[in-house]
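What follows is a pair of complexes built around chain A, which joins chain B in one and chain C in the other.
Up next, the complex of A and B:
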């Protein structure tokens, strides 16, 4: 009886780990392969028999992509666009989220629903009209224009996320601050924002990563070196007659480095922010 | 220190009116308690005095100055919230000094003021802590310190004791009374606890459904309630109500019901003396006497000794009343009991309007 129970538990454990391992291979496998590829000589990449673990290691691919292509420029552009997007979203989204959370105004529910509906359209549908608008105001092929385009679909997400954090900050704190001598805006900045700090960090990192990795809008709205971001730049390196696997892999690794570093820095705050309110603390 | 005048103040949310023309005058240094069940509009009224809610009509004057168009920060008031509303990211000292900081008071002057307030409330040893590391009673003191330090014209308290346990509540009640007597600042205090109202107030406004039912000093509210609602809301156990009739007799007029005959002191003798009324008797006004002196005759239902007194539930006709009798009362269930009441202490109410009748 006890024996069979133990056996059943062991079978369940094996099944669980099998499923987890399979999923892990699908999730992490490509990244590891990309890392390994970036360290191989070009000759070792396309071979008769698959070479999983490289026998010899080189950093030539990294040197090549950093010195022989416009890659530093691409990364720079991505940084600028991401920074602009986050700045615009934080400045306007924070105020919007606060208003949604605190004021009962006519059309509030409809507006919030509208924010959600914007997210439901596939990005492809919006590209043509957005392109026409951008061309009309002369913002095609500019980093600011691309940041605005990102804001158009990231701001609703940001406002919705932050509203939740504002909702959980007690209203009486602001009332107290307003009686103590703050204006409404002052109370929000001095009292509510420090409380929602983790949420603000989590939401900002979320949209920063989305803007950093975005491909489709960047492809359509940028045409020249001056504003092109790294996902588009890497894709354009695929030529008609050549496919520089090693260099592309090195570029991919370099591109996710900033995200990894950002995560490492804000990881604790972000997890606190995302789980805030989940349990009484 | 300042007077407070509330003149015909109204509030509605859309088509729902929650305050119907409230009028209140509070003297300089007075202690006004807004008392009523939840949903009666007392907190709304307090928020309007604070400026956290807009008025839909009427005027509010603090120290003779109309404040309805002023922001909360410009009204020179301080408020203590039910949840204390301490700023969680700041130390106790900064919490107390925040109002001064906002008003641009110099750091050393601020520190002196914070220290004084902390000493007054005996929280000097807590100044470096965060609110999260304080007990309920300590938080309450910090919240009061934050109000006191600003030396405002008017203090507002929104059910400040309702989150404390019973023992601490009594302690802090005494503390608030001491603070009021020491500082002499006018206070508006919202509560649904009638004991707090009775012990603290110089004036009580009993509210229900957005109307002021009675506005008077606590003694008057207790002894001469304006209607059945006020009479039943104040006092624990509640006032006994006995429906019956007024009957003229040789000496004047008397209240008669099944098992009850109370001779009343009538100052006048209006024509409609023979009419149905409700007699209100406070439990402590009933005394056990011999059969021949009885004005209320009934049968003992329950005897509850509490220590300092004994609560006796008595069945009088179809009505059940409670008498607060001496601790060593010896009666037992189903025994007859004979009670008397001082005619000067009873109240009469009209059965249909439930308003007080003076005879």
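Up next, the complex of A and C:
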């Protein structure tokens, strides 16, 4: 009886590892292939018989994408846009998240729902009017304009996620600080924010990744070198220059590098923040 | 108090409410950037035009197929991954990171990566399939109208299933261990436990995950724009992509707005109906 139970457990464990390994290969296999491709000579990519493990390695593709195109410029623009987006969201969204977390006021539920409903608007529906408006005020093809556009869908996400982290920070310390004469805002900045520090970082990283990756708004709202971000630039390079696979792969690897690093660092807190809302809701 | 909300409310009103209303207004107007002479209110002309636009109907059908297939596939894979991760065997954390990673990758890179994998001349998947004997020769997955939609669904499933894994895993973790122990004492087998405990307890999370994903998939044309651009022919044309191309390539803002208003209405109807339905099936006993 016990013997058979142990055996069943063992079979279940093996099955679990098999599932996990298969899914992992499915998930990162493509990325590994892209990495290998980026390290191959063009002659080894376009061959009769496929080379699974590259026989010789080169960094020429990386040098090519970095020096022979506007890639550094694109990355720079993306960095600026991402930074601006995160700054706007943190400056305004932190206050909103705090209000949602600490006060019960009239219209609170409706407002919070409104924050979510915003996600239901088709991107195109937002892009067209944004384009017209921004053209009117001269913000098309500007990094600041693009960051503003990103705020439209990232700010609600940020506030929603951060609220979850504020909810789990204890309220007692805050009350103590208020009794000692601290203002609401002072208590929030000195007590709550440090307590929810990890959450703040994770929420910021989440929207930073989203802004870094965004493609559609950037395609529509940027027209020139001055503000074009890397996803648009890379896509246009593929169309215009018939980018060789190795160079394209190198560009892909370079541009996902920051995402992978950031994700690896704050992954656990971020996952916690992303899932909190869905469980409660 | 309301002062705290003010900054973000102003931002939201500025970048959402105004553009949205403006966008709805545009859908009743003639607005083409290429022909500035045209203008003025035209009532429901765009909506009437949609009715007799064959591309609209193809795109509508493709949207339904694409979204349904992708969500079902992602839900199944996500459930599988979440169940496996939830057993908390040694090494699970590393697997979790690997499995979640695709969700955070940009569409542009995901698209080209898969284009490389499925390339008709040097795609490694073609090579593998030929080696094991499934295929006779390399196949042009994205150029063949019969396989293009399926191929894009595969890419989307790869990109999106970690989202389901993430939410479902959190849902599984919130089910108290005691329930399973009690069930085991009562002699419930694995399948009975799955049917009587796991699935009912996961219902809310699943419902939330499905609706969020459906909204996301209906609204964002990114991946299809990069992979196929709607082709070959209109084999992978979906509503969001059609609306975007109408705006971006033809600068016909009026018609594009009308298309996205229709999309929004369809989504609203779906969301309300879906939420009603998942409330009813929940049995109403627990809340």
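Please note the rule applied: the second predicted complex is superposed on the first by the 236 of 281 C-alpha atoms of A that agree within 3 Å, B and C clash if a C-alpha of one lies under 4 Å from a C-alpha of the other, contacts with A are read in each partner's own complex, and residues count from 1 in each chain.
To be clear about the criterion, a residue touches a chain if its C-beta (ideal position, glycine included) is under 8 Å from a C-beta of that chain, and two chains touch if they have at least 3 such contacts.
Quantities reported herein were computed from a predicted structural model and do not represent experimental measurements.
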item: Side-by-side fit of chain B and chain C on chain A, or clash; value: fit
item: Vertex chain A angle, Cα centres of chain C and chain B, expressed to the nearest 10 degrees; value: 100
item: First, second, both or neither for A:183, with chain B first and chain C second; value: first
item: First (chain B), second (chain C), both or neither touched by A:223; value: neither
item: Touching partner for A:194 - first (chain B), second (chain C), both, neither; value: first
item: Contacts of A:87 with chain B and chain C, given as first, second, both or neither; value: neither
item: First (chain B), second (chain C), both or neither touched by A:109; value: neither
item: Touching partner for A:173 - first (chain B), second (chain C), both, neither; value: first
item: Chain C versus chain B, contacts on chain A by residue; value: C
item: Per-pair minimum CA distance [chain C against chain B, superposed on A] in Å; value: 13
item: Residues of chain A contacting chain B in one complex and chain C in the other; value: none
item: For the chain A and chain B complex, residues of the former touching the latter; value: 170, 172-173, 175-183, 186, 191, 194-195
item: Contacting residues of chain A [partner chain C, same complex]; value: 12-13, 16-17, 19-21, 23-24, 26-28, 30-31, 33-34, 37, 45-47, 50, 52, 88, 91-93, 95-96, 98-99, 103, 105, 111, 115, 118-133, 148-149, 151-152, 155-156, 159, 209, 212-213, 215-216, 219-220, 231, 234-235, 238, 245, 248-249, 252, 255-256, 259-260, 263-264, 267, 271, 274-276, 278-279, 281
item: Chain A-facing residues of chain B, complex; value: 47, 50-52, 71-73, 75, 77-79, 81-83, 85, 87-89, 98-99, 102-103, 146, 150
item: Residues of chain C defined as touching chain A within the complex; value: 1-2, 4-5, 7-12, 15-16, 18-20, 22-23, 26, 77, 80-81, 84-85, 87, 89, 92, 95, 97-102, 104-109, 112-114, 116-117, 119, 121-122, 124, 127, 158, 162, 166-167, 169-171, 174, 204-205, 208-209, 212, 215-216, 218-222, 225-226, 240, 243-244, 247-248, 253, 256-257, 259-261, 263-264, 267-268, 271
